[in-house]
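The two complexes that follow have subunit A in common; it is paired with subunit B in the first and with subunit C in the second.
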Partner chain A sequence: MSIVIWGLIKFIVVLLLISLYVLFMTWFDRKVLARMQNRVGPKLIGFHGLWQPLADGVKSIWKEDVMPGKAYKFMFWLAPVITITTAFAISFVIPFAPPVKTASGVVFHFSVVNLNVAILFVFAFLGLSSYGVLYAGISSGGSKYPFLGAQREGAQMISYEIVLALSLLNPILMSQSLNFETIVAAQTHHLWYAFYQPVAFVTYLIAMFAVAGKVPFDMPEAESEICCGYFVEYSGLKMGLYPFAQYVVVLVLSAIMVLMFLGGWNGPFWDGGFVAGFIWYWIKVAFFIFLFTWIWGTLPRYRYDQLMDIGWKILLPITVLNIFWTGFALTIGLPFF
Partner chain B sequence: MAEFVFFVLALVTIVGALGTVISRNAYASALWMVAAFLGVSGLFIMLNAPFIAMLQIIVYAGAIAVLIIFVMMLMDRRVLNNKERFNPQYLWGVVLGVGLLADLSALAFKFRINLSHIGENLTLNGSNTKMIGDVLFKRYLFPFEITAIILLIALIGAVVLTRKDINT
Partner chain C sequence: MSSSDIRTLELNMGPQHPSTHGVLRLVLQLNGEIIENTSPRVGYLHRGFEKMAENMSYQQFTPVTDRLSYVASMNNNLAYAIAVEKLLGVEDQIPERAQYIRVMVAELNRIASHLLWVATHALDIGAMTPYFYCFREREMIVDMFEEICGARLLYNYVRIGGVAKDITPRFMDLLKEFVKIFPDRHKEYNTLLTKNRIWLKRTKDVGVISAEDAINWGISGPALRGSGMEWDLRKKRPYAAYSELDFDVPNYPEGDVYARYLVRMDEMLQSIRILEQCIQKIPDGPVMMDDFKKITKPIKPPAGESYGYAENPTGELGFFIVSEGKNKPYRMKIRAPSFVHAYALPFMIKGSLLADVVAVIGSLDLVFGESDR
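Right after this comes the complex of A and B.
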């Protein structure tokens, strides 16, 4: 029974921490983008505008909740719920700190559940998260921009999830495990997998942006083409849930990147111990979260056909060939593998 | 506790399956189907098969159902809403469904399913993933490859049949 109670405690703590992270990230995003565009950004409420997200949240709660007349009512209500649920579900298998061995010899994991099939769980719920967007488009009652955005999301998700999964297959093959902590442990005593698998590292990096739906692959919500795509018809708190879920997905994908390719809580020096591991881990994750914002402020959007071409004609063949190479190298036992 | 989880999962599966058939809106129908898939994957977890449970979600709920919805989105909305609910061949479906139900109930009656054992494996930690890999890629490698090639043939066949500009 203590497993259930511990699970519930961790569940609530992770839920609260991630909500806090999202609040802070909206402020951080706006500040970084403002700095890039030579603006000041939010500055009036609190220290350098730090309480701006709270003000925005309160505002979005009191906004009028508009629903299109021809909308499918229940689905329209359900779509944001699906999005936020699946996004949080993924975050529950991510370890947030290195595991700690307690005095009685039991290992304490800093994830809500420490699954043996954690990576498959991530893929499963990333796949499900596209339903929130698809149904946002469908249930908007034949409104055109949401529909276009939803179609784009469907196609983009299917194409790039394959690339994402096939890139992650290489570290899985090398460590022979689907558990994040085992994979990190496999990188402790030699180089990180990014050095063995530079190609998979790069393909994952590209696919990561497409799966999160961020610039330069933010086709489903391309503001200047289809004016925010799938959530055009949403307002108030329901509309706020979509960016919220996107921030959670960004965190999760960055964490997976660090865990799979960059050695998790192993650092180049000052290694060992919980504090060191914790700090190294979050430095690396924070860098990738910053990378999302950085690229948002830097790169223009790709065209839709370019997106599909990159996915199917370039990234997919490269990842498949890379898997062949990894299998070959592992079978004949190359010195570095 | 375990029984409670089992009955929730069973309820999700059955209601999802019923909703798929009964629902008038084709999109809602697809969503019910996803709910049924989730329930089934939960049942797989209770049978100590987490790998198959995850594949159930990834392949069926994550890919196939999305493709079905995608195809429906390309159809005309008005056509979709005015579709007849039953095609003329529904009797065959009825015969098949009733037959399967009778078959399964007969089996359940014959083997006397013991309700006290339901939901004994509520963990996701029975790692038989490695075992599945070993069996598939060592013992049954040849049948596995044959299956892959059959699927590839079906794939190419679908492409050839739907492309109009091929002259052979």
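Right after this comes the complex of A and C.
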């Protein structure tokens, strides 16, 4: 019974914290981009515009919710719900801090559920999240830009989730576990997996941008080509849920990157203890979240066919070969493996 | 499935599309994302300039030319002034100082127009940041124009017989500073785009047009030079003071979007070269022919025809004027480069992907004030 109560409490806390994080991120993105582009960014509401996200949120809630006349209403309504639900679902298996051993000897996990197949869970729900986009595209009443956006999203998700999963397979093979905390523990006493698996690290980094749908791989919502793609017909709060879910996915993918490749809460120095672990962990996660914004402000967008070429012709063979190499190294027991 | 079951997707791109730069409407026939057929529909910004010209005196029409390619008003004014001056037969009597000022403002406006073009072209391809860098420098140019004529977008500065006012010492100071710092700023855009791997992938071998096809379609300006033709009216048919100035005509033989991009980027530096020489060479003297100082005095050119042209940032802008000896033209035809380029667009994008359409539109620098007239 206490598991259920603790689970519910954690559920609500994580829900609130992630919502706060998204609000902060909209401000942070705009501020960082503004800094890169010789602009000021949001400034008027609150300290350096810190309350701007709240104002935007209120605006999007009170905006008129327009639905195309020919839209398939149930699907149109369901699509953003699927997107946001799956995004939150993934975040519930991510540990937000190192586990703590309480006085009574029980280990307290800072994730809503400490699944032993957490990575499988993540992939299952990442796969489902593309349904939100596909439904949005199909149900927009024959509108063509959402249709094209959904097409692109479908192709992109299929090709890049494979790369993402195959990249993560290497740390999984090395640690013999699908649980994040075990994988982090496996990296505690020797080098982080990024040093054993530089190739998988890079392929994951690239696939991460494609799965999150961020520049340079933001084809499904390419603003200048298909005018925001799949959510063209959405307005008000329903439209707001798509960027919201995207920010959550960015957080989750950054956290998985840190947990799988960069030693989670282990630091290069000042190691051990909850506080040190917490700080190291979030410094690393914050760097990758910042990286998304940084790349956004720097690079142009790939073309759709080029994205497919990179995924199927370059990244997929490399990741498969890398898995063979990892298996080989583990079998013959190479040093450091 | 038989071939009759395969249908193409008809997609209306524009007139309210973020990348059609105003009001171009393209009806695309898509097979997946591949363009099977395109038909451009222009005219959403039609304001009847050619007919308006028939009911306005020659001086009254100058501000209307501002509205053609509204990002390069000075160049439009210049082309029109040249056309009327040819009609009057006074093109050799324009004061030397006015000719130099014309070159200076035309080149400054060329840089401003090219900057706006790089900015929006990069934005179309998904790079957001160059936009704001380019606007930083464009703002400096606009400030200079504000100093000499009070306006920031539509200048009405180059008039028939000279220019409206003499330039001020502050303008010269601003210009000297701009000429000094611009090459460094130019390097910043290069850093962001020119060698960028994604930029190269998006622009190389996209929207290719050979020199022969480009000539047949009537393409002019940087788009023609991007196909390897060394054709620049400033060099081949010099007007204003260009014959006394030394500059190169950049051209690249590839004929793709990237070549057109490089041509425009190089042209900005050539414009800086021209401006540097102008600062050295500009003589003193009047800036307006005495006959035209009074704007209310009607101009009555003899009956006849004239064609005045200028190398605009977008291409060759021409004014063909037929006069009956009255104070209004009998007929005025405006040769707008954007109009010509818009109709070469289907040829250039056939068989390419949807994302290439925005790249090619961007590379042609279509301005619909000019195209639709």
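The rule we apply is simple: the second predicted complex is superposed on the first by the 337 of 337 C-alpha atoms of A that agree within 3 Å, B and C clash if a C-alpha of one lies under 4 Å from a C-alpha of the other, contacts with A are read in each partner's own complex, and residues count from 1 in each chain.
In this section, a contact is a pair of C-beta atoms (placed from the backbone, for glycine too) under 8 Å apart; a residue touches a chain by one contact, two chains touch by 3 or more.
Owing to the predicted nature of the structure, the values given are computational and were not obtained by experimental measurement.
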Of the two partner chains, subunit B (first) and subunit C (second), which one does A:227 touch, if any: first, second, both, or neither? second
Which partner does A:216 contact after superposing on A: first (subunit B), second (subunit C), both, neither? second
With both complexes superposed on chain A, which partner does A:144 reach: first (subunit B), second (subunit C), both or neither? second
Between subunit B (first) and subunit C (second), which, if any, makes contact with A:35: first, second, both or neither? neither
One more residue to check, A:63. First (subunit B), second (subunit C), both or neither? neither
After the superposition on A, what does A:305 contact: first (subunit B), second (subunit C), both or neither? second
Once the two structures are fitted together, what part of subunit A is touched by subunit B and by subunit C alike? 151
Touching residues (chain side subunit A, partner subunit B) in the complex: 72, 74-75, 78, 113, 115-117, 120-121, 123-128, 130-131, 134-135, 137-139, 142, 147, 150-151, 154-155, 157-158, 161, 176, 178
Within their complex, subunit B touches subunit A through residues 25, 27-28, 31, 34, 50-51, 54-55, 57-58, 61-63, 66-67, 69-70, 73-74, 77, 124-125, 127, 129-130
Residue set of subunit C touching subunit A in the complex reads 9, 11-12, 17-19, 33, 122-129, 131-133, 136, 192-193, 196, 198-199, 201-202, 353-358
Report the residues of subunit A in contact with subunit C in the complex, numbered from low to high. 33, 36-39, 144-145, 148, 151, 215-216, 218-219, 222-227, 296-306
